[in-house]
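The following pair of complexes shares a single chain, chain A, combined with chain B in the former and chain C in the latter.
Now for the complex of A and B:
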């Protein structure tokens, strides 16, 4: 019982690293533009599918496909940004509906290109077991991308707090007009945040492809998961996203171990609704979300 | 006002008289129109919440599915008459909407996404609660609509009259609320919520009312559909289609008008059914997604105001 619980927590933490990669891009774009990109999960899935195509047609490993995925996902991310920037009225809600529509387009585009079949990598090296201290089991993919996610979270945090461009992102996020007066070009900054979100989505997509199976409806589910984590974290908190993602990962893993696999998603959603009810500013957020 | 009355009467005559007379004999066409009206009913409910409540919902599939299951189970297990069960289905959806009320204190995008996450819960519940819902196997041979005064409502043409009446009643309720004091307060709230609160408008309570009403209408439409199709399973009852199509329809037709969602639903569903599906058997939703995006970029108020502008009629965006 104790060992089972320990194993579940270990798996949950590793999954949390992957979830953080999925959620960070959404949180970043929300931070800069106050726009929730409902096509974000589809970007993650797109990266995974590009890696699949590269593996089948070019016979390269998913890791080597990262640059290719990055180019494709970044182009689509910038396209999303260009379309979003044409919205003038009711920006909050209209951008939500627009990205929702773009998500539908991307999902069906992937369905048309790659069909509804479930795909997975042929590089079995990633799925082989990695044992920690003789008792805790996981796949190599999980461990690798957990570490990658820690590096990227740290890098993102460092970029946002220490670099000029990162501070520009935060400046635009807190006051667009004032940032403009300080010589920050908000458009460049927003494109930059979309590109960084694309980069994070690419790594999330490769983590997905090496560790799990993919099919077109998955993108939508990933968007929901990313949003749940972002709310749990409290909008705009980068370390909070990592913690929120791990919390969801652990909750799901414990549900699988002790209750039932099919209730996995339910557990995350109940946690989400509970947080919404009891602490609407998020677990690690400050201030209120009203007004 | 005079002109509006004439248009309304013409509209009712057209849909109660001319449409069945023209298509009543072709089952395929009339059943497609019934399906389009099912989308229209949900689209009206969605637009009511969106326009009056100022809330975009990505979770109307939940209300649709709950209404369908409640009504189907009441007729099958408790022997309720179909029409009473359909009303109960609406009530069931309203009760389900109470669970999402904590999200009402969230504004704009937060609410929309909270509902999106919440909608997923019901599909899982319907699949897992096998003792009641029979799980993924689904419910077969749900009682059809009854025969009243020798007129069989279970036929396609009978169902057409029933769903048409439901949708028109929903539109009438929507129009009435919009012109009432509550509607005025709600529309003012859409402009600036804090100012209306200062003037003593109980904004959260009004929004909650709109949510419950929207869920009620959607539940009734879902319940109707269950008895019309006579089959339910979790994937069908809570399908994303019940969220996507009404949104596309309402945006396309114009969700700030009463007739917009209705016209949008007929146009979008029939186009999807007769044109898009034959062009693209799989993935035809890509056209719907593109239409949604294009509409938001070019004319966020939809087709109806666009046409109105073309005819030289001036309308305020939110009245």
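Now for the complex of A and C:
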């Protein structure tokens, strides 16, 4: 029983790292622009498909395909931003509709280009076991991308809190007009947010491609998972995304091990609803000040 | 006079062309399949087989031509019903297609209301053929898969089996049928359901490894489930003698794409790989399939082809007998008794095919070897063996 629980927690932590990678980009755009990019999961999936094409047609490893995926995903992320920037009324609601539609378009484009077949890396190195102390089991891909997620969370947090551009992003999110008066160009800042979200989506896509299987309808499920984690963490809290993602991962793994495998997603959703009821601002978010 | 003759010639030419046009599209066959959405992969695979059957029919029957009208149901039951209603309004002669028991159920009921024959191989749930629908036909079923899986496990002589199954309808039905048969045979069985998709299977396989200690793991799921479970097995290395799956596993695609991962894994398969097409019909099917799609046919293509071929043959018979427009197609289809690419097909009063029996294949190197039943075997099973013990 102890061994089962320990492995469940370990698997949950590693899965949490992967979930955090998927959610970070969405959380960044949500935190800076108050826009929920419902095409974010499709961007993650696009990065995975570019890695697949690079592996099959150029015979390069998924890791070496990161620059190529980054270029493609960044271009699409900027395109999403350009379309969003044309919304002048009811931005929060209309951006939801627009990005949802873009998600459908991207899904069908991926279906046309890569067909509906299941894909995953053929490089077996990523799937080999990485055993810790003869009791904790994982694949190499999981360990690598868990470490990558830690580095990216720390890097993103540092960028947002310590760099001028990061502060500009926070300033625009906090008060767009005041930021403009202080010499910040909101458009440049927002494009930058989308580009960074594209970078995060790229790493998430490579983690997905090396660790799991992909098919075109998967993007929508990734967006839902990212949205749940973003809300659970609390708006604008980057370290909260990692902790919230781990909480979801551990809850799901413990549910599989001790309750029922079928209830895995339900357990995550119950946790999400409980947090929404008890702490609407999220686990690590701040309450809205009124006055 | 010359002008009148010219006019007559033009009129006659137009009439001949018009008649030729009508003749060229004598029948419109309707189909709804999930070409997009979560079932897009299987939907497209089946559609390829249906298209091959239509192409071959048109090649063999110059007098009667068939046009295929397919609507994408987007993996949604509601859209499948709408697709059937639209195809009925467009006066299709019958319907071939559908994937997923939850989609086929309402779609075939809509077809029955429109008095349209509906033939499928995309849903194996027992309840589908127990509804008393006069116009519903199916060439495969859970029983046929269950017989093959339990027959193989029985031959292996294992004592403890863990079944891990996707909680979708067809996979659950199969898992329960196999569990009952194995339990009745005195084998100790434990079952664990999981949510399909792209989950991390390590906690599940770890539970099987630490709590169940089985001799064999049976997976009832789909491609991405198998890949996830086998990868989890490869990391956790449970001490088992064999790992068995059902559909979508002992295929050329899995052997090519995930060769290391699937070594010594068993799955249902009508044909070995590389495929050996023995009969002239099977050879023609494989040639046409490869010409159209540039790849070897898989099991989905075979099922789509067989159901459509049987349907079109019945349409032709009913047309020749003059009963097609008078509701005679269902009666004609019920007379079917034929050896096909998937074995014998003979429909009972519910439109089911009790003759259906699958075979079991095992991935061995770059091949899928048929290992059960003995009369169909193309090689010996490698037992005990798993991908991680090789």
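Throughout what follows, the second predicted complex is superposed on the first by the 287 of 291 C-alpha atoms of A that agree within 3 Å, B and C clash if a C-alpha of one lies under 4 Å from a C-alpha of the other, contacts with A are read in each partner's own complex, and residues count from 1 in each chain.
Definition applied: a residue touches a chain if its C-beta (ideal position, glycine included) is under 8 Å from a C-beta of that chain, and two chains touch if they have at least 3 such contacts.
If you're wondering where the values come from, they're calculated on a predicted model, not measured in any experiment.
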Once chain A of both complexes is superposed, is A:265 in touch with chain B (first), chain C (second), both, or neither? both
Tell me the contact category for A:116 with respect to chain B and chain C: first, second, both or neither. both
Taking the superposition as given, does A:15 touch the first partner, chain B, the second, chain C, both, or neither? second
Look at A:224 in the shared chain and tell me whether it touches chain B only, chain C only, both, or neither; answer first, second, both or neither. first
Identify the partner contact of A:256: answer first if only chain B is touched, second if only chain C is, both if each is, neither if none is. second
Which of chain B and chain C A:108 touches, first, second, both or neither: both
Which superposed partner A:215 touches (first chain B, second chain C, both, neither): second
Look at A:139 in the shared chain and tell me whether it touches chain B only, chain C only, both, or neither; answer first, second, both or neither. second
Of the residues on chain A, which ones does chain B touch that chain C also touches? 107-108, 111, 116, 260, 262, 265
Would you pull the chain A residues touching chain B in the complex into a rising list? 35-36, 83, 86-87, 89-90, 92-94, 96-98, 100-105, 107-109, 111-112, 116, 220, 224, 227-228, 231, 260, 262-263, 265-266, 269-270, 272-273, 276-277, 280, 289-291
Within the complex, chain A is touched by chain B residues 56, 58, 99, 102-103, 105-110, 112-114, 116-118, 120-121, 124-125, 127-128, 194, 240, 244, 247-248, 251, 280, 282-286, 288-293, 296-297, 300
Counting only contacts in the complex, chain A reaches chain C at residues 3-4, 7-8, 11-12, 15, 107-108, 111, 115-118, 120, 122, 124, 127-129, 137-139, 212-213, 215-218, 221, 253, 256-257, 260-262, 264-265
In their complex, what parts of chain C are in touch with chain A? 35-38, 40-41, 43-44, 75, 164, 167, 192-195, 197-200, 202-204, 206-207, 210-211, 223-224, 227-228, 231, 234-237, 253, 257-258, 260-261
